[in-house]
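Chain naming follows the written order as A, B, C, D, E and F, and within any one chain the residues start at number 1.
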Amino acid sequence: MEKKTYISDLQDQTSFDDIFALAAARMNQAKNGPYWQLTLQDKSGTMEAKIWFPASQNYEGLTAEQFVRVQGRVSTFKDQLQANIKTLEVLDPLEIDRSAFVPCSTTPPHEILEEIETILHTEVVHPAWKKLYRKILKDQAIRQAFLTAPGGKTIHHAYLGGLLEHTLGVLKACRAMSDLYPSLDRDILLVAAVFHDLGKAYEISHGISREYTSPGKLLGHIHLGLEVLAPFLNKSDLDEGLILHFKHLILSHHGQYEYGSPKLPMTHEAMVLHMADNLDAKMNTMDHALEQTDTNNWSGYQRSLERDLYVPVRTPQPEKTTRKGPKTKEDQCSLPLKV
Amino acid sequence: MEKKTYISDLQDQTSFDDIFALAAARMNQAKNGPYWQLTLQDKSGTMEAKIWFPASQNYEGLTAEQFVRVQGRVSTFKDQLQANIKTLEVLDPLEIDRSAFVPCSTTPPHEILEEIETILHTEVVHPAWKKLYRKILKDQAIRQAFLTAPGGKTIHHAYLGGLLEHTLGVLKACRAMSDLYPSLDRDILLVAAVFHDLGKAYEISHGISREYTSPGKLLGHIHLGLEVLAPFLNKSDLDEGLILHFKHLILSHHGQYEYGSPKLPMTHEAMVLHMADNLDAKMNTMDHALEQTDTNNWSGYQRSLERDLYVPVRTPQPEKTTRKGPKTKEDQCSLPLKV
Amino acid sequence: MEKKTYISDLQDQTSFDDIFALAAARMNQAKNGPYWQLTLQDKSGTMEAKIWFPASQNYEGLTAEQFVRVQGRVSTFKDQLQANIKTLEVLDPLEIDRSAFVPCSTTPPHEILEEIETILHTEVVHPAWKKLYRKILKDQAIRQAFLTAPGGKTIHHAYLGGLLEHTLGVLKACRAMSDLYPSLDRDILLVAAVFHDLGKAYEISHGISREYTSPGKLLGHIHLGLEVLAPFLNKSDLDEGLILHFKHLILSHHGQYEYGSPKLPMTHEAMVLHMADNLDAKMNTMDHALEQTDTNNWSGYQRSLERDLYVPVRTPQPEKTTRKGPKTKEDQCSLPLKV
Amino acid sequence: MEKKTYISDLQDQTSFDDIFALAAARMNQAKNGPYWQLTLQDKSGTMEAKIWFPASQNYEGLTAEQFVRVQGRVSTFKDQLQANIKTLEVLDPLEIDRSAFVPCSTTPPHEILEEIETILHTEVVHPAWKKLYRKILKDQAIRQAFLTAPGGKTIHHAYLGGLLEHTLGVLKACRAMSDLYPSLDRDILLVAAVFHDLGKAYEISHGISREYTSPGKLLGHIHLGLEVLAPFLNKSDLDEGLILHFKHLILSHHGQYEYGSPKLPMTHEAMVLHMADNLDAKMNTMDHALEQTDTNNWSGYQRSLERDLYVPVRTPQPEKTTRKGPKTKEDQCSLPLKV
Amino acid sequence: MEKKTYISDLQDQTSFDDIFALAAARMNQAKNGPYWQLTLQDKSGTMEAKIWFPASQNYEGLTAEQFVRVQGRVSTFKDQLQANIKTLEVLDPLEIDRSAFVPCSTTPPHEILEEIETILHTEVVHPAWKKLYRKILKDQAIRQAFLTAPGGKTIHHAYLGGLLEHTLGVLKACRAMSDLYPSLDRDILLVAAVFHDLGKAYEISHGISREYTSPGKLLGHIHLGLEVLAPFLNKSDLDEGLILHFKHLILSHHGQYEYGSPKLPMTHEAMVLHMADNLDAKMNTMDHALEQTDTNNWSGYQRSLERDLYVPVRTPQPEKTTRKGPKTKEDQCSLPLKV
Amino acid sequence: MEKKTYISDLQDQTSFDDIFALAAARMNQAKNGPYWQLTLQDKSGTMEAKIWFPASQNYEGLTAEQFVRVQGRVSTFKDQLQANIKTLEVLDPLEIDRSAFVPCSTTPPHEILEEIETILHTEVVHPAWKKLYRKILKDQAIRQAFLTAPGGKTIHHAYLGGLLEHTLGVLKACRAMSDLYPSLDRDILLVAAVFHDLGKAYEISHGISREYTSPGKLLGHIHLGLEVLAPFLNKSDLDEGLILHFKHLILSHHGQYEYGSPKLPMTHEAMVLHMADNLDAKMNTMDHALEQTDTNNWSGYQRSLERDLYVPVRTPQPEKTTRKGPKTKEDQCSLPLKV
């Protein structure tokens, strides 16, 4: 069975029959008997759903991370759409293309990774750096972690492929800044850009719902990344001073103590990497915050940025280059990621 | 008479006979009689100097901003070089090429301004923006202020032409970021980049020694810039929403309340302008801080950045592209700027 | 039809038939069919109301800012009073005296403005200042904006006439401080007190429900005020130094960077204006927070002040001067403000 | 012998023969032998002075707090005036009018205290408050402490009588604010204003040079004041709720945790007292900072206020009321305060 | 009647018949008529309960702090357990052992107090300190306040006996630190440890539900404690310097201005007391936060500590000493505390 | 030749002939000719010294880290003692016992290390932890680094053996806290206490004058310590969860982001380790600050603690246990540490 409709398309008072992932499942108690409280998810979003008593008695052992076929109808409850489920069937996860159920970058992750490798191939000159990045990216565990990691839990790039999308953004920004300030050490800056957030692949789980892992919470992605990179650095042909600088670039890229950066950027390259990281994260955060605006083009208060955001009137453009705006969800990645 | 030697070249126990500007002049009292305490300045730096009693009696009315020919000898006092002056002659300022006496950008200011205009010419498409920037840059008072303004008092771009150098840096960074994030409103971003710090031309005096003006201290360069730009905006052909956005770009470019920004950046373009401004200022600040380093390549503590800075080991480069490093003072601007 | 009862007087289980403004209107979906979710407003407050299915089908196109006659009954839902509407009729707004529907200062706005003008007339001596304030207050657009502006959105003076009430409070406080510290420049301080928050008339909309405008959010009332005042200052007979000082007074009156003040107060008068502004705002904020207290005279936690507030035991008073306390809503302004 | 000249009048290269207090005295070692390093003080300021070898051998046991007759001559050392002493004679302190040697308020302290008592007499109505303030002010130890206490060590009111001057300023400001906001509890506010800083009389020593006492540093003036007031409050006729409020007024008057206020102001009166205290302290701090300004009317950076201060152009005044400006030192208190 | 079941043991869909305290009682309005909204409390926790119409009509005057026998049944409402009450009977409070209804320390308060006295008896050597602590602890009002006071309102030791439990913890920590750093003044440190939070006995009410008192909110427990201790200190045989130090220990024990500490710790002993207080409070806060963890051993976000907390894997232990973990509620204090 | 006198014993106008280390050496220029400006150092402190012209001509190539025999005389210059050197002889460093020239812990480092090992031996039970700490401490490079490392550069434990002294202090504090809170995981806490600051041995150089190393500044001691420990952890028999917890203990021990802690303590053990570290550091900082006090027992302002410190009156003690006070320098370590 093919998935036909997405949660973001469902409207009040419409019926549907389609496949979803369960992001959460719990049995609750209503006056007239127990009911299932489910959270349906696909790549376009999530929706609360209920199987009321006595139909609820027909189902046992529903849990998060399952895939289910659901027949139901959408209604409104407290200004939120929710689904009343008539029938539900648990599916074999091996039959499912997961990419339809997890929010994903517009460009398929493997294409983003290829673009990153192409840029490194073109731009990095020093043999020891070339050898280093190739060895790391050839490591199958690292490569797989990179391909499936989100870029964050909630604020920015919070979707499959998000880590790669952010990595590519930072890499391109660093390349541009190297053009602007030619005295920068281009090689080390570009390699560090690619691996600056590698630890995020280990900080956040890659399931249907993204959660911080215990190592992620206890050690943080800066330390986790350096742990993964350490054996490669130890075996590299790089000068000791370059290794020291590279570690400093990773260690200081959050830029400020209050963001958990154990060190402040102390070199031109460290400052540039921090700023490129900050720029790309902020632009993506703003994109998502501005996906929904009020009638005056305001986003409402954004806690993470401590301000409201605004879509301004745009300079008229003679050409066809219209504002692309935040990514549209419809054309997102469809790469087959069998479990 | 031609200026031959610069203060940065003078060494202990050498004699000299050359032209300097007076950055400060004051008569003090020693045990054996009154003496002149002078601060000599040329574009390479400043040096304290003394005319001891009784020679001091030969001079009257020495004041800051005069140009003088001095014969003297350099000695060391408390680890600082200083000059003992044997004879001094006050010169006619009209005979003097000021550019030798004020630290100046490496590229002559008028060339930087031309490059800015070329970029605007090439990049800005919308007729109303084109008309606006041309009118502003054709205004002779604004143009002259731009050409002679420092970029700051002490921290970054603190030299003649510094405002233009910083403006060009921010303009190029905004252009690069427009390439990275094509949904940005390129026209407004580039025009705002050029005028974001225009108020600095009125915030700091343009004499031998740079000082904040009273309007600069009481109102700040953000407000001063908007005051200068207001009549041009009012007479422009721009849509009201574009004018509103433009003002917001200027008003919010400091990015944080604690830096005196009355508003936080609330649009993508405002965020980018703030980041481009921050990037260029930080890179220049680091350049100057790293002009002198200790034997381990550390700059010592930099109060404005709250950290030490470091020149790391550099990736070996096959080509001739060696690190340019901080600008060398010797080849700075020599454009004739008669008073 | 005359408005008879006010929302603050409605009690549980009572019926009513009266006129209200709609502060919000939205159609929602209940199990048995769609219903209207309305927010009724008059000058005494707001109340949620519902038109249930199938009566809801009788109404179309209800929107905020309409005036309606409503028959209904009050009940309690989650400890909040709400109204069940039986019949509703949309009225012609031209027939309505708006002053009954918008919370308003106790004293009618035009009387407050007259008191402000009387004080200026009595106190300001220098002809150029007299000319300036008269020209500004004679401007019909400014006068109208002043008369209908709230003093804030939520924290203090958040009602029609609130800006004038706050302005009068700050003016009187500055007059008193001028008496205490006679070396202050009384003229400039009093004129600046009157116009320090003029920008607020443009920062917040003046409709049934108060909202920040886009210029208000993007530029802020400090800048908006200076923009409105600039042409008057430019054409005034004032010495340039006085204009500079006046602008500094407006620009620095928030007193601290973290409150969006682009400059700190740097003169005695600027410090006094900031403190008078702060005093009047805090007193009004406390008045409103203490309108409702618990049985121990505590207000509960006030987020804007980061503390609980308290009504202390009061020194017994021999005379009749009893504590007036927070303004009572009943006797508020009834000036006819036809749309 | 009468004191004739004051330190603020002494100029370079002049001789003098007059009486001073010693604020510090220490024997140091020069190349040719030991010399006395003294700090001379009178109410107009302090000046460093030296008795060189071998004259230094004629004096033994010079210590701070002595009064001395000195013959000497003023010279300049590192841009500071200093005195070379020819002869010195230690005087009997009982013969000395101390008021000439300690910086003092313009109005004699006892006159300020009388004015405070007059205001209380006129304004306070409730018998229990009247009884309380009279008992406290009749206590001879408290009265004497009040009369001789400075208002602070360095920042504001740092001179004999300063505590009373500040107390009167706060009292008047509270009276004015009670007029502005008539619902305030006038009696408690005025009595609290008079005693809010009583603890300062015990926090700072009253000798020639002002120093924090150990109780002052370990407990602070808020606690010390409450300790002194406690027995009076316990024996008063006041309602328990009034005593509680009074203590809260004293305890919270610093207004912010970071200034060592253990509680934030939680009543209207507490907020007003804090603001009146802040206003008077800031005005006095600014007066002193602006006693010396540069040629552009700027004070230079003031660390305690984190800004530069400015004397603005003043509105022309038809009458004779010229700006009084900071108090002139010449006409300060001459009350006889025999040891 | 004996209390049999505790709230923490009640489960969905079970019936019960037992005694509870009322922490809150309020009559509300449902569609079909008025109902009672009650908060049942015993030492194990609280649960919301309802008496629906028309049964609600059978009860009048239910109020907080009453003891009631309730027959009812537990159900789930919005993921919270709540009780539907069938019958309710108000009991005579004199018949009730309160200790079953207020959360209480594991060890009975009087035993904790005895342990504190034993430690003081053993450790304190100086006669004047011995006399002081005995006099204070023999004061019946103080002793009773100590025995029934909670240690805080919500964050740590928020239960009957909590103040004593915290006091014992700080006392033991100070004893241990005196062993580690033998130059500390052991006597004063231990006595101050016992009385450092005495004011808390007056800051929080001791009823069924704990609330801050008005003196607690207006003056704070630091001041309240010093007020209670002052007469004992004044009549003690202690050297004045010791009394000063003792007051400083109490006054500075919060350690930081932002926590309402009017003074920072300035002696070794004050620093140690602050740290012991902080340690014991943090450990107890963490114990309670970790009473409930998710399946990964995480507590969820703890606002008071600004972080998540974690129960780590524990080093395997050969002996029987298993982790005791947070106190179990079942074996809490059962001392008879008749009203 | 034996060292006889120490710098802390030298007084004004005395002659000496003894051995010192050079902490700094530089040739300067006086009016009459060049002179050597030297900084003499021994374990008791440092003193500036000069070899004047023409004697200065007799010496070449003097540099920091040399050992010299000096004959000279002490004088006072600007209230500082300094030495005029008559003759100087550079010594063979191999002949020198360095321990006399570097400030050192009172107890010899190797004895402290033995005490640490004894405690671990006694307290740690789990075989995998026993194996881990033994392997690390048997590593000769780590052992040597530990033995010669200072505990800090300036604030606390800034002397040879200081790292071990601090480590022992933290270990003992953790042991005491494990006794106070028996549910703590004692084994992991004690092992983590011993290695929490191991990275400091690599963060600060161990020469005559202590300086931060480049890895120390760029990566910090938290990261450096984890790098050194990583191979031992990887090869250990410990459960993965224990290794994760151990790393978290090291990573979070600074306790607050603003102190460069990349993570906050999230377990009981992490909180305790942070507090033990903080306690020991603060106590040592206070010891050193209070080595010199004024006549009122105050230390003067301590920038690192943002306060003055005080030596209070001490409770009289019947026994002989007098206050030991800050360590006396005279009896410090004399272990032979030949270069």
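Note that contacts are C-beta pairs under 8 Å (C-beta built on N, C-alpha and C of every residue); 3 or more make two chains touch, one makes a residue touch a chain.
Computed from a predicted model, the values in this text were never measured in an experiment.
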item	value
Chain separated most widely from chain F, comparing mean CA positions	C
Which of B-C and B-D has more C-beta pairs touching across its chains	B-C
Inter-copy rotation, chain C to chain D, in degrees (Cα atoms; steps of 5)	180
Most remote chain, CA-based centroid, reference being chain D	A
Chain C-chain F separation of Cα centroids, rounded to whole Å	63
Intercentroid distance (Cα basis), chain F paired with chain E, Å	43
Contacts with 2+ other chains: residues of chain F	214, 217-218, 244-245, 248, 266, 308, 310
Touching chain combinations (by label order)	A-B, A-C, A-E, A-F, B-C, B-D, B-F, C-D, C-E, D-E, D-F, E-F
Residues of chain B that touch chain C when the two form their complex	214-215, 217-220, 222-223, 226-227, 230, 244-245, 247-248, 251, 257-263, 266
Chain F-facing residues of chain B, complex	12-13, 75-76, 79, 296-298, 308, 310
Complex contacts: residues of chain F adjacent to chain B	28-31, 214, 217-218
Chain F to chain E touching residues, read off their complex	125-126, 129, 169, 172-173, 176-177, 179-183, 185-188, 239, 241-242, 244-245, 248, 264, 266-269, 271-272, 275, 278-279, 282-283, 286, 305-318, 321, 323-325
